[in-house]
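One chain, subunit A, appears in both complexes that follow, with subunit B as partner in the first and subunit C in the second.
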Partner chain A sequence: MSGPADTAWRVGSVSRISKETPSAARIVLDVDGWPGNDAGQHLDIRLTAPDGYTATRSYSIASAGPGMVVDLAVDKLPDGEVSPFLVDDVMAGDKLEVHGPLGGWFVWRPDAASSPVQLIGGGSGVVPLIAMLRSHHDTADATPFRLLYSLRTPEDTFFPEVLKDADVDYVYTRRAPDGWPTPAGRLTKDVLAASVFAAAEKPRVFLCGSTGFVETVAAWLVELGHDPRMIRTERFGGT
Partner chain B sequence: MSHLDGNALAGVLSEVFTFDPTLARARCANCYSVDVLARAMVYVDGSAFVVRCASCDAVLATVMDGDGRRWVSLKGVSAIEIPR
Partner chain C sequence: MSFITRGFSGRSHDRDPRLPPGQTEVSDWPVLSAGPTPRVDTEEWEFSIRTENGAHTWTWDQFMALKIDDVSTDIHCVTHWSKLGTSWRGVSIDTLFEGIETSHDFVMAHSYGGYTTNVPLDELLNGQAWIAFEFDGEPLEAEHGGPARLIVPHLYFWKSAKWVRGLVTMPNDDPGFWEQSGYHIHGDPWKEERYW
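On to the complex of A and B.
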């Protein structure tokens, strides 16, 4: 459904925008001619200033499957060129230039394979993993799925309505919910080992987050015996 | 400057090639390792992309936009294998 031949610049109309977290917005687009997309793909959004200056940024898609409705969740980078506009200024009815669906690598397709799937997301890196969880749920796929989600505080949770039906381990880095059994703190190798499918189960791993998060966790996974070829990563930069 | 990875090339290079560039396997001309472009390291500076080998850090490719044109160099790639 998402071969490169389907990839094109299209116009997306914002049908809904709402606050997702204190720093992020959920944006629902109706994209005329959108061919559907696989879980994990992204799109590019291009903004053009009156003087012709353009800025293009990639955003993961939180939805999957056929249809012309595309869900995004955009985290505002304080010194960003595109995300502050998308989070603070865009209104329902606005039109955006979008290019996609893009990327066939960081993608999960329903397959009921015997090897389980381990999702690991840091911050807004959970967005493409949300698409995988939705696709897994909507197609009643039998593959065992787990998500390890590192986030700052409970208020920073993306797509809680999707996560409530999933097998999720949360790591709160700044502040945990009241009564949480462990204090807030960064993900450690021990917590990682205790929260993901063991290497012996040969899980396929999808790991997405800031560059530092992805590289740290990927290195730990290899130290824990995971096959690097089974680990697919997507970095979104940042610190 | 923090880097990205080859997934970030999907948009800019799909306007150049007729295949999904992130799934193409490229051979590094420096260290001869072969991997999908999605696993390469990508450094973005404005509208320029510098693509480096994840194994040896040599420059595989550069993509730069400006003046209504796009320049693509594949100087560090000795061969590409394209899914058909």
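On to the complex of A and C.
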């Protein structure tokens, strides 16, 4: 394969890989020449087999700002081809081809704007929102931020050390922590309404998760009076 | 610069020749949208073409009375998935442009919800693009762009504007929504024209 796009592939060295949840790994890459990235952007990873076969996938970046260190959190899709390799087989010191940063829409830049920011993440859809929370924290930005995080169990929490300093509402869909005030169950429209900035506050909304989660929650937000133009979505799908 | 990834062998090495570089075949149909899905009733739906010489508008019923094509084609998303042998029904852009004159070389597609995407006019004509309202024998679902979407299968699928409501010709190749946010101005999957 050749062409102009190839010139933009960079080498990312895995400086650390650790278990993030029972099904996901956190991967820290040192990317030579990385220009830094905005919170919410993603990158492409390309794997090449000895016979030249390649597989390329996009992953959200969990970090933001200048510098050449990029944090990823990759959830293993049971039937996946690339994510099981990244989660189970990659070791510190490995080199991966990466291209990015990519995406100029699902991004948040520190701006101390008047309108608050509501983040809503389902499962590993929280990853780009983690980058936004970190950017918000690191730049001491004064914009009000809230996160609504739907996840299966407490063990599925991504980046707990980032979340502990943030204003987070958790919805546990399969099993809640001991002593949690409400039983585990799917997010409902009522819980959504009670957990996010009201439409009257004109929040900017960043919503990321599976297609079903995003479709459902986006439709509820519009029904609750949120301006569709204020809602930015990102979905993951496929393998 | 490509190098072998330690330990990676991959799943299937019999690449379907219909897959452009960097693409993987999927059997499901992932959804990518920048915002909430607009819900547009066919009672209210309109489609128009505007040129420097004026506008032509069709209601849903008028649109359904036009010549309808069956289209079988592969589709390729910039996020690395392709779906092979999809079947659609819709009205070709050739049919819609019959009797319409323009000196403009480019088109901006506009959607309900505010999405836009730019395409050269000569890449919409000659059997290369349709306004499709049926997928796999069923009405096109809203999350996939229903009631009607543009399909331009030879370009990455972000060019195939969901919830399309009109085409506006223009003298220059102005960038649309994703084209302003990092995606390639043209988007040929066989040349991997993904990003700026």
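Just so it is clear, the second predicted complex is superposed on the first by the 230 of 239 C-alpha atoms of A that agree within 3 Å, B and C clash if a C-alpha of one lies under 4 Å from a C-alpha of the other, contacts with A are read in each partner's own complex, and residues count from 1 in each chain.
Just so we're on the same page, contacts are C-beta pairs under 8 Å (C-beta built on N, C-alpha and C of every residue); 3 or more make two chains touch, one makes a residue touch a chain.
Because the structure is a prediction, the values reported are computed rather than measured.
> Looking at the overlay, what does A:Asp89 touch: subunit B (first), subunit C (second), both, or neither?
After superposing on A, A:Asp89 lies in contact with subunit C but is clear of subunit B.
> Between subunit B (first) and subunit C (second), which does A:Thr233 come into contact with in this model arrangement: first, second, both, or neither?
A:Thr233 contacts both subunit B and subunit C.
> Can A:Trp105 be said to touch subunit B (first), subunit C (second), both, or neither?
A:Trp105: touches subunit B and subunit C.
> Could you let me know whether more residues of subunit A are touched by subunit B or by subunit C?
C
> In the overlaid three-chain picture, which partner chain does A:Ala218 touch, first (subunit B) or second (subunit C), both, or neither?
In the superposition, A:Ala218 touches subunit C alone.
> Kindly classify A:Glu97 by the partners it touches after superposition: subunit B alone (first), subunit C alone (second), both, or neither?
second
> Applying the touch criterion given at the start, work out whether A:Ala49 contacts subunit B, subunit C, both or neither, answering first, second, both or neither.
Only subunit C is touched by A:Ala49; subunit B is not.
> Where does A:Gly33 make contact in the superposed view: on subunit B (first), on subunit C (second), on both, or on neither?
A:Gly33 sits against neither subunit B nor subunit C.
> Return first, second, both or neither, reflecting whether A:Pro78 touches subunit B, subunit C, both chains, or no partner chain.
In the superposed model, A:Pro78 contacts neither subunit B nor subunit C.
> Taking the stated contact definition, name every residue in subunit A that is touched by subunit B in one complex and by subunit C in the other, in rising order.
In subunit A, residues 3, 5, 7, 44, 56, 58, 99, 102-106, 211, 232-233, 235-239 are touched by subunit B and also by subunit C.
> Tell me, which parts of subunit B touch subunit A in their complex?
2-8, 10-11, 14, 17-20, 22-23, 36, 38-39, 44
> Of all residues in subunit C, which touch subunit A in the complex?
Going through subunit C, the ones touching subunit A are 1-11, 13, 15, 21-22, 24, 26, 28, 30-38, 79-81, 113-114, 143, 177-178, 180-182, 191-195.
> Within their complex, state which residues of subunit A touch subunit B.
For this pair, the touching residues of subunit A are 3-5, 7, 42-44, 56, 58, 99-100, 102-106, 210-212, 232-239.
> Report the residues of subunit A in contact with subunit C in the complex, numbered from low to high.
Residue list for subunit A touching subunit C: 1, 3, 5-9, 11, 44, 46-51, 53-58, 81, 85, 89-90, 94-97, 99, 102-106, 211, 214-215, 218-219, 221-222, 228-229, 231-233, 235-239.
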